[in-house]
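Below: a set of structures, written as structure tokens.
Across the two complexes that follow, subunit A remains constant while its partner is subunit B and subsequently subunit C.
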Partner chain A sequence: MSRYSKTNTTVFYTILIVLCMLSLGPIILMLLTSLKLKIDIFNDVSTFFFVPTLKNYRSVINDPSLMRYLGNSLYVGLISTITTLVMGCMAAYAIVRFRFMGRDVVSLTTLLMRMVPPAVLTVPVFGIWTFQYNLGNSLNGLILAYVAINLPFVVWILQSFIQQVPIQLEEAARVDGANPFQVFFLVVIPVIKPGLAAAAIFTFRIAWNEFILALVLTNRATRTTPVNISLFLTEHNIDWGRLMAMGMLIAIPPIIFTFVASKQIITGMTAGAVKG
Partner chain B sequence: MPQIVLQNIKKSFGAVTVVENLNLTMAANEFTVLVGPSGCGKSTILRMIAGLEALTAGEILIDGKPVAHLEPKDRDIAMVFQDYALYPHMNVARNMSFALRLANYPKKEIESRVKKVADMLGIESLLARKPAQLSGGQRQRVAMGRALVRDASTFLFDEPLSNLDAKLRTQMRAELALMRRRLEKNMIYVTHDQVEAMTLGDRIVVLRNGAIQQQGSAEQLYKTPVNKFVAGFLGSPPMNFFDGTLGETDGRLAVSGQDYHLPLPDAMRARVGGLKDDKVIVGIRPSAFTIANGDPAAGIRLDLPVVLPEYIGSQSVIVSRLGGQQIQIEVSSDTPLGDNATLTFTLDPRSVYLFNPHTEATL
Partner chain C sequence: MIPSRVLNRATPYLFLAPAGIVLTMALLYPIGYLTVASFFDWRMGTPFADAAFAGFGNYAWILQDPNFKESFVVTMTFAGAVVVLEMVIGVGLALMLERPIRGMSVFRTIFILPMMIAPIVVGLIWRYMYNPQFGILNKTLKDWGFQSIPWLSSPQWALPSVIIADIWQWTPFIFILSLAALQSLPKSAIEASRIDGASGWQQIFYIKLPLMMPVLVVAALLRMIDAFKVLEVIFIMTNGGPGLSTEILSLQIYKTAFVSWELGRAAALSNLLLAIVMVITIAMFIYTKVRDARLARANAAAEDY
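Let's turn to the complex of A and B:
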């Protein structure tokens, strides 16, 4: 019996270690490369043994354009997340609670939008944004695109959270004198906070990492960080050290965001509301 | 203080009509209990009064003012829900003060009202807790408290005790009964539990399939039920029913069946006159039987078999047979009961109810 469980544990840990290496490997490689001088990067001997340097970080941080691009990314990420959540929770609430024609169709087809890869949208979006609405090269145009891409998923994920809010809570609030907006903002929204947090993490990271749309919809001034990094790859030179240092740095905001948001994801939010 | 009138109210869900042409008048400050089996429309009626369910037809008047078109918040009502419906993200104090905060009461007054009601319900030590940290009974109190701080003119209770265990339910029922004496408010209480209905209600309204069967005080309903349904619904254990045939014995009216013969009081004669034939349904309450003590004047003597004695503490319920039916008889628990014994009971002829087998109306 104990022999059996011992093999079991061994297998379990082996799988765990392999999975960890798969996910951590690229990050470790990125970290190591970002701490190397160019000569060490291309030297096979010094894969693990080298004198670490912060030269790459210094160079990236001292680049005056970096702050602007980081700022662009943050602005686009936060504004598109907030917009998506505000619109998404209202739409999801309407789909779950209101009776109107085509409700089920709307509910089922929202996700279809997500099945279209952003790359397919690139050319039409570029054309429409630039030539029809003059939204090209502006951050607002990019925000609009991200809201459109993320909204269906957010509506879908929030629907299931709103469905779990006991209807009696809303009825109790109505009897207590709340108007429909107060019911929504004072009762429903606080109860679906975990759902909002999950959706926020999702939308922020998509907006933060998205590359193709950002590439075609921005210019020198409105570029976001992923686009900026890609410019480190040039015809003549690939500056791996700076590239990796930049990669490490731009991973930090989403990590912070995820930690803050996931604090809100506590299970059993509706515990104690109604008799289970 | 208003009086509540339901005028010809009707409610349909699609093709299904739950309540049709219901009329009900509740006097000011009355404790009205709507009671009936599940699916009889009692909760729907309450929800229509609350404004949570729209009327298909009819009108509701509170203090002479039509309210059917008003939102719940404009009806001056407070409601206690069956499943408590406490706001899980607010602590007890904030749950209780929610309505007052919405109505922009001054902070001082909110605090004093919450404190007063919390004291009354014995939950002052729980004010800082979230609903998830409360037991079922405590949640029920908070739900009650949330309604009571409102000072509304009408309080609605939707089976508030049905989720509590038996002991807690009895305790809360007693507290409710005490509370209703202190509060001069209209109260409408929905339950399927006839004990709750009888102990709490000034006016008990017995419903079946969306129609009122009978309304009145507990005593009226228990002693003079208008039909078989009301007779069978109120009282625990329920009334025994079996078939009988009317006849005459020595010039006296009597009802008899395959294994019994019960002489009836003369007053009954006039009431059975309108029957088409001599078939009736006989109803006798389990408590109407008493163990015979040898006094021949005590009433009708019946020898009944003991099929199954059930000891339930202060009383025993004997399952026996009469008129080809299983019947229940309530006796004091110190009555000696042997297996398969036959006991002799006496029965007052005035405690025999007769029902029309076609309309089920009391004769």
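Let's turn to the complex of A and C:
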């Protein structure tokens, strides 16, 4: 006999579905608004019955400056993710295999980094990047900042994957005459691919969504899309349809990632505090 | 050709170097720089080298500044309200919905979407929904015959509105964590209490919640830390207004530095915020260490039998 009766099951799934709608509702509203003409947005009769249009998306895609900002976002996201992964897995390998520092040190650093409010970094990063590194208003400056922000977490997550690589595998390669670099790139990297994928998703999402550092580090040419969206909101007459289309474009990659790797994402969000 | 012995010896350093250099340059150094800058009278437009030493001047100024006091209260209210409400709703829902769920991975995915999309976009959506003329919330209120609410435009409602948006975004985090904790509780303890005649509520308060406590404490502390990091959503929704009613410290730092151009003061303000969050983080680290040590001891004791 099942512990759960049939009416209970109905109530149970009804509650779950209501919760899903609460969760998704605002996002769906954004999608619907992005498909509306101005006249439908200001019309206060219905939210759900209107003739959908791609006009807003077309106007975003046909605007060269908006496409440029989208391109900046993509460039910064991709390059910073690749850089972080390369540096992160090398460091994680050294820490695990050569018993450098402890696992505790990495956990603590990850946790400390997770704690730093981004606003706190704005003043020093702005000052140093502009006056000392000569990286103000450049995409490379933004990439440097994102790599640094994401590194502790990437090292932390890759560590546990590298620990699971059987040492015999590496020893066998060694016996066959491989040097440490060959062991690392030809033996270790292929085995930890799932870990790299999880780390990549996490890093890319943070770089892609980041706003406040991008706001202080970029100018008219190097802006990323989140910064651009914020600038549109200060205007008096807000073009909501177009803005929501931009919002959708920014939201789509993270939404896809969530569907691919929801479990790893939850592990990542508790990095350093809860055992994954 | 480099001798392989040298290569082997140098390997760990070579592997650590890139990450080490970047972290030193772009993380450790900026945080050190922040501390130094907070002691200088540094304004936008002058190079840091020309700024005059101010001792504790910036800190003294901040501590007597009524705007700081107001912002501090707003930040604490926001963080406190958000953590308490999200814990109550999230844990409550988890207790209510605790049972094997078919298609849990789909539900989990849907629940974490609000946390995954850019905070800027979350702010955008909620600002749209709170719109006094065509926002869906006021429209619905009007349709149901209620008075419309001046969500973001009145000082009384702005903070609750911002809190509601955060609850929408982050309650699923607590919900998912506590559901996972519930499902991994030892079945024997719950079974035993049931046989002893404990009611559903008694099971919750005397068995389930105490056993879940380690996860709940960490979840609450993580939410607390994140609450102090919130910036974008509020920046987009209200930009701190009306007045200072939603100006959390993060936002005040940004405004002090990049609107008022007082970089030195902003650095001091940053240090104060950092100190607050640091205390919470260290508390959490110590808590997890103590918990792990206690667990290890319990396991060792169990093995002795």
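Convention: the second predicted complex is superposed on the first by the 227 of 276 C-alpha atoms of A that agree within 3 Å, B and C clash if a C-alpha of one lies under 4 Å from a C-alpha of the other, contacts with A are read in each partner's own complex, and residues count from 1 in each chain.
The rule we apply is simple: contacts are C-beta pairs under 8 Å (C-beta built on N, C-alpha and C of every residue); 3 or more make two chains touch, one makes a residue touch a chain.
Because the structure is predicted, anything quoted here is derived from the model rather than measured.
Undergrad: After the superposition on A, what does A:L112 contact: first (subunit B), second (subunit C), both or neither?
TA: second
Undergrad: A:L169 contacts which: subunit B (first), subunit C (second), both, neither?
TA: In the superposition, A:L169 touches subunit B alone.
Undergrad: Of the partners subunit B and subunit C, which touch A:F98 in the superposed model: first, second, both, neither?
TA: Once the two structures are laid over each other on A, A:F98 reaches subunit C alone.
Undergrad: Just checking: does A:G247 make contact with subunit B only, subunit C only, both, or neither of them? Give me first, second, both or neither.
TA: second
Undergrad: Just to be sure I read the superposition right, which of the two partners does A:L144 touch: subunit B = first, subunit C = second, or both, or neither?
TA: second
Undergrad: Tell me which of subunit B and subunit C touches more residues of subunit A.
TA: C
Undergrad: Applying the document's definition of touch, where does A:I255 land relative to subunit B and subunit C: first, second, both, or neither?
TA: So A:I255 only meets subunit C here.
Undergrad: With both complexes superposed on chain A, which partner does A:N179 reach: first (subunit B), second (subunit C), both or neither?
TA: both
Undergrad: Just to be sure I read the superposition right, which of the two partners does A:V191 touch: subunit B = first, subunit C = second, or both, or neither?
TA: In the superposition, A:V191 touches subunit B alone.
Undergrad: Could you tell me which stretches of subunit A are touched by subunit B in one complex and by subunit C in the other?
TA: Subunit A residues touching both partners: 179, 269-270, 273-274.
Undergrad: Would you pull the subunit C residues touching subunit A in the complex into a rising list?
TA: Subunit C reaches subunit A through residues 4, 7-8, 11-13, 15-16, 18-20, 22-23, 25-27, 29-31, 33-34, 37, 47-48, 93, 96-97, 99, 101, 105, 107-121, 124-129, 133-134, 136, 139, 168, 172-173, 176-177, 215, 218-219, 221-222, 225, 228-229, 231-232, 235-236, 249-251, 253-254, 257-258, 263, 266-267, 270, 273-274, 277-278, 280-281, 284-285, 288.
Undergrad: Give the list of subunit A residues in touch with subunit B in this complex.
TA: By the definition above, subunit A touches subunit B via 166, 168-169, 171-179, 182, 186-187, 190-191, 193, 268-275.
Undergrad: Any idea which subunit B residues touch subunit A in the complex?
TA: 50-52, 71-73, 77-79, 81-89, 98-99, 102-103, 130-134, 136, 139, 146, 150, 163
Undergrad: Would you pull the subunit A residues touching subunit C in the complex into a rising list?
TA: Contact set of subunit A toward subunit C: 3-4, 12, 15-16, 19-20, 22-24, 26-27, 29-30, 33, 41-44, 47, 86-88, 90-91, 93-95, 97-98, 100, 108, 111-128, 131, 133, 144-145, 147-149, 151-152, 155, 179-181, 184, 205, 208-209, 211-212, 216, 226, 229-230, 233, 240, 243-244, 247, 250-251, 254-255, 257-259, 262-263, 265-266, 269-270, 273-274.
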